[in-house]
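Before anything else, here is the set of structures, which you'll find just below.
Each of the next two complexes has chain A plus one more chain, namely chain B in the first and chain C in the second.
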Partner chain A sequence: MQSLATSSIEGTLLSLSAVAILLAAFACLGSKLFNRYVAYYGFQSVVLSFATAVVAYHFRSAELWVLAGLTLAIKGVAIPTVTRRLVIRRLDLRRDVALSTGLSTSLIIGALLSAFAYLAIKTQDLPHGLVATSVVPISIAVVLLGALAMAVHRHTLAQLIGWLITENGVILAAITLAATFPFIVEAGIFLDLVAAVLMMVVFVSGITRELARATSAELRQLQG
Partner chain B sequence: MGAVLVAIALGGLVAGAACWWSGARLAKVLSAVASVGTFALALSLVPAVAAHGKVTVGGLFRVDPLALVFLLAASFVYAASTIFSLGYLGPVKGAGAVAEEEGASVHVAPGAAASRRYSSRFFAGLNLFGWAMAVAVMADNLALLWVAIEVTTIVSALLVAIDGTDEAAEASWKYVLLASLGLGIALFATILVYDAGSAVFGPVYSLSYTKLLTGAAHFPATVVRLSYVLAVLGFGTKMGLFPVHTWLPDAHSEAPTPVSAMLSGALLAVCFYAILRYFQIAERTLGPGFPRKVLLGFGVASLLLAAFSLLAQRDVKRMFAYSSVEHMGVLAIGASFAAPIALVGVLLHVLSHAAAKATAFFGAGSVLRKYATKDLARVKGAVGLLPLSGPMLVLAVLALSALPPFGIFRSELLIVAGGLSSGGDVAGAVLIVLVTVAFLGITWISVHAMLTPSPAPEPAHLPGALPRALPGTPPGTLPGAPPGALPHTPAGAPVRGETSRWIVLSMAVGLVALVILGVHVPGDLSQLLTRAAAELRVPR
Partner chain C sequence: MAVALQVLQSLVVVALAPLYVGAMARAEAIVSSKRGPSVLQPYYDLAKLLRKGAAVSDQASWVYQGAPFVVFACYLTVSVIVPIITSQPLPLAFLADLIGGAFVLALASFTMALAALDTASPYGGLGASRATWIGSLAEPALIIVFFTVGVLSASDNPYLMNHAVAASPYALVLPTHVLGTVAFFMLVLVENGRIPVENPAGSIEISMIEEGRVLEYSGRHYALMRWASWMKLFLMSAIFMNVFVIPWGLGGAHSLAGGLIAIPVLLGKLAICGLLIVVIDTSFAKLRFFRIAELLGAAFLLALVGVITSYVIVV
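Now for the complex of A and B:
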């Protein structure tokens, strides 16, 4: 496990970033206003970019610097801005009323999922004194919270951002556990970006134009 | 033999790119050459791999017996689907007037009206889809495997949506969202394996199987266990295992038929292959108990859901989609049995399922071209109207229901025999019961549709057929149509005859393969299956 030590400054910064990322995921889960939901996602991505930069600094890894820049530019700035401008303003979506459960219920489920993440990973079996021991459960919790956001929100845009939250969780785990992996940081993340861009394109124009207007609660034609 | 791998890895990519810029006719020729060529090349690898164990190219590609089984399945479906597409995108001969009612969601092949752009895009997508699956299977690297499967998601999601209907867009959205979520989880699993390996190999190394399998015995158990569960869940999303299968019936039923065949016959198997790679690692680190139990749980749950969902289906492609969930459940259960004979059965099942499901989808495509509907309640006497593809569809359905003399009968027999011999009595019994339920569902509905005589010209004199159909009629399929009416009866009933020679050819090829797999597996292939099954067990 080539992780940072908890005692180092970089390790502390990474842990703090992970906590902020987890809180941002909860904030997303708890926000009914689209603007805030997107803003919290943007904040989460900026923190993730900062965490990536910290790890990049520690390992002196050029690839991770690139990744940090990409995360900041695409996930921290471009996606929130584009979403806000194109979708929220143009389609005048203010509040997401199409939730499948109440906000408080989803927050409670989110808390249970986070607890589950800690139990599932059995932190006591992991080596002590490494950042990974605390950050990996957090990243699993973020993945689960993103999936929960996808399930709770019925609007396709909100579901898309839920998916992007899970991706943030995965990247958090990647920079913590596999900072020196020669391949995955470029190829894996690049493909995620491609997928994200593709989904945005698909979403904003072309085939799912109708979906942008419909909440997916109305998309009930395919059942069974 | 390394050149063969390079040729496979380039063929589909080059053909796909060329199709994008070429006209419809050239695209068809290119696709046919690329896909049939890929399958032929894969076949040519069989003797060498069966004899020597593996073929490698640098650190990039590696085809061992296990990979070759899946490569054969994927490239066979790729080739057959391309042949089918040659007919599918052609003009519809001898059909009645195609339903053009407003709001009708009948799934009509674009036919002669299809623009040239549609053809080019379609074939480009099909080739890239086949290519990405071949690369996924040949890759000697868990990260490359993940990347290739991610590429299949992107390409296939676009192909699902290519018809541009609202339902297709919805199905595609659901698919891309769930599949990406699954692949995110699978990426997490990949990272964890890398982390586990760094305990043995140091901080920088490549995730090649050869390397991972040699060191796996010394990986930290906690990390590997977590990684394995996440891999089963993540790749299981795309494979159609129970809790995360929900995209599958939608995507399979809304996609153009050749794409449905590729999704079901090939892509699900490729994702199973990815799970098996993690299985190999987990088995070496954790011992066989835990990895098998995980597969058994997912497999039984999937089979249970699919068997009972099959009883309630009316849409023919949706029915085959649930049948895919069923067969993936069978695969997972089979892999959880310890006996070598069950593992041989699993690999044979991969091949036979690919052939049977592709053929069944082709038959369904042929029927819905003819009738311009997917609602089985409207399809009566298809055997009478489609003299060749009708009976072949019935045969494919029987093959899917595991009747002899087809391959699935043999493979399920091997799996059950292996389960019983290795002490999995309960699991074996559950398997038999659920497969029988699924058999009832799929056979009852489809044989009813295929063999009931055609309706009389006057729809009014059709008692019984329709009242049952109405509650289950999906929204959008001509709710106001008179009972028993084919959507296009006003313009004249469909004429007896096939809609395309290519469709008949693709189905015939599939059936021949099924019979070969069921009656007598050729020597080399049999040896290949045995060797591949041996790879799934920790050498002692």
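Now for the complex of A and C:
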């Protein structure tokens, strides 16, 4: 399998999409509104699906086209829509206050993590014949940023978005390391299934939160 | 010939900076369904102010009196060292590279802050303190932005940067360059007090930043200060277009005709940049003061990610 030259059109598109994905992860980390988390995640997934389509076009791989379509449909459209309709609007979530550090601190840690990704994955030491060697560190940085988002946020929904970002990073790494693995298609769908399970957890936690709020209001009435 | 071009370049900056600002004010008025002042209004303002005498507080020292000249000279110096109408270095371009240019800009800002403090007017001190705070956050971002172009051209000379980008149009779509460009545009807005940071048309003393520093000035001193700030906007827009966005259409160092043709081309490029600034001016609101740090943090982060992704080029 020949690799994608950095200076070809496909290579440029791939690295630009990778940077857009990285920036979307940073945007998620630097935001405080639940609506924005979901919007940035949706944008990131659309870009990821575009990147997958670029690789699929270059290698004429049907499986990757399927993966691109699935990514667009499930992660780009379905998950953001469902989250917005069923969780954010129903529970009236607006501002995320459950953060363990300030925004600037988490952004600085994020910048350090992406620098660490470049130090850890020395692109010149990677084996030859990968799809796009230069994108691998970016995907690792996205994985780390997703993990950071999970660590910084305390709200379940925000943690879920962090987890989904990590998963996007894994998919990006997969398509840039080895484009022809049919396993990737399965893995992508599988991880999406796990995401669906986590969504259920969010619903449950949301309902619990609703009940808790109702109880406290009633208590206040009693005191009144 | 090169000397003539050198003089021409500085003349272009000095003479056309008011036109640029006037055109932007007019365009802004048209976008918000108003007629707006004439494009030449800044020239009338300058002529009026230069005819008037200056009222100087009896508490003011020589710092206050000398500051307008120093500030004007600083921007004049910058106009000598950056590519405005030629893509080849002119005789005086050896004076400083881009980081040196940033130092000269910082010197102008420092002088303005000193002059603002000199008369002990409360608004002057307020403006100086705010502008210095913003400047201290903008400077690291600016230097990192220069690094993003620097990794492409392996230099921090604006002419070599221009050549490196012009030589391979492919460089324009490299992530490093795109991120650096966006970050530099944000810094152009911040450094010139445009809308996400400050309302250039507003005259409420309590929210002033750039204007607050020159609030005490009047007459010809004020004219120089205004002119200098217009030159700053003109210069930074020209650097943005000539080094980052459209590095073509500049003349050589040895033909006057090339330099003369480059002037209308430059005006065309500035029209694009000005339109972009006008759109942002009319469609965004001013940020709360302490949110400016987040804007500058974003610019810093964009530039930093740009430098990090420069490994893409090496491979």
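Definition applied: the second predicted complex is superposed on the first by the 176 of 224 C-alpha atoms of A that agree within 3 Å, B and C clash if a C-alpha of one lies under 4 Å from a C-alpha of the other, contacts with A are read in each partner's own complex, and residues count from 1 in each chain.
Operating definition for what follows: a contact is a pair of C-beta atoms (placed from the backbone, for glycine too) under 8 Å apart; a residue touches a chain by one contact, two chains touch by 3 or more.
It should be emphasised that the depicted structure is a prediction, and the values quoted were computed from it without experimental measurement.
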item	value
Touching partner for A:Thr156 - first (chain B), second (chain C), both, neither	first
Partner chain(s) touched by A:Ala73 [first = chain B, second = chain C, both, neither]	neither
First, second, both or neither for A:Pro137, with chain B first and chain C second	second
Which of chain B and chain C A:Leu103 touches, first, second, both or neither	second
Contacts of A:Val82 with chain B and chain C, given as first, second, both or neither	neither
Touched partner set for A:Val19, first chain B, second chain C, both or neither	second
Touched chain A residues, chain B compared with chain C	B
Common interface positions of chain A, toward chain B and toward chain C	none
In the complex with chain A, residue positions of chain B that touch it	141, 143-144, 146-147, 150-151, 153-154, 157, 161, 164, 166-174, 176-177, 180-181, 184-185, 187-188, 190-192, 194-195, 198-199, 203-204, 206-207, 221-223, 226, 249-250, 253-254, 309, 312-313, 318, 474-476
Touch list for chain C against partner chain A, complex	170, 173-175, 178-179, 293-294, 297-298, 301-302, 304-305, 308-309, 311-315
Partner chain C, residues of chain A touching it in the complex	6-7, 12, 15-16, 18-19, 22-23, 26, 30, 103-104, 107, 111, 114-115, 118, 123-124, 133-135, 137-138
Chain B-touching residues of chain A, taken from the complex the two chains share	1-2, 120-122, 125-126, 132, 139-140, 143, 147, 150, 156, 159-160, 163, 166-167, 169-170, 173-174, 177-178, 180-184, 187-188, 191-192, 194-195, 198-199, 202, 207-208, 210-211, 216, 219, 221-222, 224
